[in-house]
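Sharing a structure below in structure tokens format, with a few things to ask.
By letter and in written order, the chains are A, B, C and D; residue numbering begins at 1 in each of them.
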Amino acid sequence: MSRADTSQAATQRPGLSRAQMAWRAAQDILDGAYVNLGIGIPEMVAAFVPEGREVVYHTENGVLGFGPPPEAGAELRELINAGKKPISLKPGASFFHHADSFAMIRGGHIDVCILGAMQVAQNGDLANWSTGAEGAVPAVGGAMDLVAGAKAVRVITDHLTSKGEPKLFERCSFPLTGRGVVERVYTNLAVIDIGEDGFVLRERAPGISVDQLRELTAAPLIVAEDCTTIVVPAL
Amino acid sequence: MIDKSCASVEEAVAAISDGDTVMIGGFGEAGSPIELIHALIDQGARDLVVINNNTGNGRVGLAALIAAGRVRRMICSFPRGTTDTLFPELYRAGKIELELVPQGTLAERIRAGGAGIPAFYTATAAGTTLAEGKETRDFDGRCYVMERGLTADYALVKAEKADRFGNAVYNKAARNFGPIMCMAARTAIIQVGEIVADGAIDPEHVITPGIFVQHVVAVDEPALESELIAQGASYP
Amino acid sequence: MIDKSCASVEEAVAAISDGDTVMIGGFGEAGSPIELIHALIDQGARDLVVINNNTGNGRVGLAALIAAGRVRRMICSFPRGTTDTLFPELYRAGKIELELVPQGTLAERIRAGGAGIPAFYTATAAGTTLAEGKETRDFDGRCYVMERGLTADYALVKAEKADRFGNAVYNKAARNFGPIMCMAARTAIIQVGEIVADGAIDPEHVITPGIFVQHVVAVDEPALESELIAQGASYP
Amino acid sequence: MSRADTSQAATQRPGLSRAQMAWRAAQDILDGAYVNLGIGIPEMVAAFVPEGREVVYHTENGVLGFGPPPEAGAELRELINAGKKPISLKPGASFFHHADSFAMIRGGHIDVCILGAMQVAQNGDLANWSTGAEGAVPAVGGAMDLVAGAKAVRVITDHLTSKGEPKLFERCSFPLTGRGVVERVYTNLAVIDIGEDGFVLRERAPGISVDQLRELTAAPLIVAEDCTTIVVPAL
């Protein structure tokens, strides 16, 4: 989705803008991490990693150590990410073939993977590849590999669908991408961990109450003792 | 003397037969062997099983091969282009079969086929609908799916340069599926920008050793998928 | 800033613990990380499980580690040197365990471990005593043996050059087990002749991407096993 | 074994010298073949491949396209073969890691592998890694991978052991390297194929009779209709 779409949509939503969600997720990425960012809002995370932290980005199609899109006109057709968009290279980059690239994923070498979601369940189940609708042509890409292989799988998603339906459930109704794989969810309204006993509310967006979150979440919400308000810059 | 070079893409693909399994390299337009695919369209083989990560874009390259009705079955991870409705329409109409494979499992199955591994286990897709009908097994308390190695009659791959032995190097992310498809196909055909002299590729830098390559063909100025699509091109 | 370099081999191996599994690269003296092995001898960890193709030569490097009684168990394909009787004597005396693995199966098990593959099938050793006690299974009419992936706590590897990210290149046949051992170990330690500046290694030429490497240590003038042996050297 | 050993031993044996055995095996290697030669007599084969045939040699430790040992003083310690002996590079050489090297073997990419043998059985079983003696320390190296993976596995061996015992049997008594893998055996006395029904005598060494071969072979010998005498140069 383009940035234009993002900001337009953001004005219609309560809580954090999409850029603020990405910013919040970026704060949890540690110095030296190997990170794979999914298409869409997750891609925006890279722009908000705090100064002083050096992060190495992996893309499934076989590049490690890539940077932001090059300036217009400097794009190279052979230098793209898994979303098929142009990227640049940072110092320490490398190229490798597809089997080696997924060996990095499946072998547990990627520290953090951040993806979008259609549904997340309180046990960490993730559905983000198919609604399972009759007649839909299924397409999965690397999502199942990423959630099965990355050391930490985190999700960025709006708390509700565009129709106002919940996306956080006791159980996913859509076909799963992986079982028990998600460790943390960043929404426009909250930061929620998957704990032993289900969703644990860690942070609320400014102005959002626990009661509102309970109403908008289709599963029990355990409020962490140290639950705080998300502090985000204007973005 | 070993010389795997072919005079033309036509010559390179001449022996591909109806019903063959053909691996086609490329991820997006990076590494897509358009000239080889177009030669395959001209050549006429049909009823093909094609292995590629996607199903092409526009009406050139792989999408054109599919549009020409030559592909009986696609094995891929993501059978959709950004705007493309070709594959979905054919699929819904029952005119093409689809084996959907997670991308990393697809890559590993190809690598396994090339390495003589008939089957392996992966946690990818365990507990999902894509594991339905597949054997699963626990190792050390985790559930894994058994996946089979994939081999092919042919691989069509685009590389940057090769020598007469078939030793090849790639260009950036255009490497993608090329090296493993060359391993997994009985006959790997690579189109390269340039066939270079003996010794021009440092043995340390070879990505695909020539043992995995059967034919090399020079395509000096390969077409770019995105440019063809921007021009509204349609093949043939 | 990412900087995986260590000031010394001592620092690099400091955290290896009793009972750890340690993969050690090298085939013959090519790629043997002698300085790292000697640092491990000095460091004192014992009861180690060591994975290497062989069991070392003379009384230096891996052979010295074995002679020092630090290795509980060897996983290898060929536990003999040309003239060496060290391992056979310890083995016959029941002082060291041996898991004998065909060389290609050993390499593939290490690669599988690094790639998150818990098990795979291979025709190698089917119908031989080395398949005894192992599961076998027919695929397409041929018998295959199930083999498990191998992982390790540490890998000790010798490469030619690396940068601060751990991106490494090797020297000729000294590459051998290095790349796959780096993949399969939780902590891969590589000794290199030179730690080079950012950008000094072309991204196309990287053999071991830094993601597989945790520590890099410069050993400017590495000892040569054959020279040490010719000198009658014995470590420590 | 050094060449000195070879020629010394050769003078004490009937039929072909070791170099002649290697020469004979070399005639069957086709132009463009990818070939793996075992340690010992098989290594000598490379020297006798007919002019005009270009052969690419593979060694398990990760080199394709190597050539004969370099001149004394020009050896590189990082450029060795699976026997740990110095090699040179030919045009079109490449280096790769051990898993890729054995992918070439296991994946059926090596056209011809030539090995030594302790025993060969009439069904193609090969024993060449262990006598199975009590107390022996087993060591297998890459032999089992090669015989399981190469497209054609051929054996070069003396027809008899140094004690005058047969090496060609109905069944191997030593632990097997692989089952039903050998397609052709070159001995100092004969060229023998493994056919559907057992050993097929294709060629006899000069001066060696079928009756002699039957006596020295511990399994039935089918004499091919076109069985000829091996014609070898003096070597």
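Quick notes on this one:
The rule is simple: contacts are C-beta pairs under 8 Å (C-beta built on N, C-alpha and C of every residue); 3 or more make two chains touch, one makes a residue touch a chain.
This structure is a prediction, so every number in the text was calculated from the model and none was measured.
The set of chains in contact with chain C as well as chain D comprises B. For the pairs A-B and A-C, the count of C-beta pairs in contact is higher at A-B.
Taking each chain's centre as the average of its CA atoms, chain A and chain D sit 57 Å apart. Separation between the centroids of chain A and chain B, computed from CA atoms only, is 30 Å. Averaging Cα coordinates per chain places chain B and chain D 37 Å apart. Shared interface positions of chain A, defined as residues touching 2 or more other chains, are 95-96, 99, 102-103, 105-106, 149. Listed for chain C are residues 108, 111, 115-117, 122-123, 170, 172, 203-204, each touching two or more other chains.
A complete list of chain pairs in contact reads A-B, A-C, B-C, B-D, C-D. Here chain C touches chain A in the complex through residues 1-2, 111, 113-117, 163-165, 167, 183, 198-199, 203-204, 206, 209-212, going by the rule given at the top. Across the complex, chain B is touched by residues 31-32, 34, 54, 56, 58, 63-65, 89, 91-96, 99-100, 102-110, 149 of chain D. Interface residues of chain C, counted against chain D in their complex, comprise 27-31, 53, 77-80, 82, 87-88, 91-92, 98, 100-105, 107-108, 110-111, 122-130, 170-180, 207, 224, 226. Taken in their complex, chain A has these residues touching chain B: 59-63, 76-82, 84, 95-99, 101-103, 105-106, 130, 132, 135, 137-145, 148-149, 175-179. Residues 108, 112, 115-123, 139-140, 142, 144, 148, 169-170, 172, 203-205 of chain B touch chain C in their complex.
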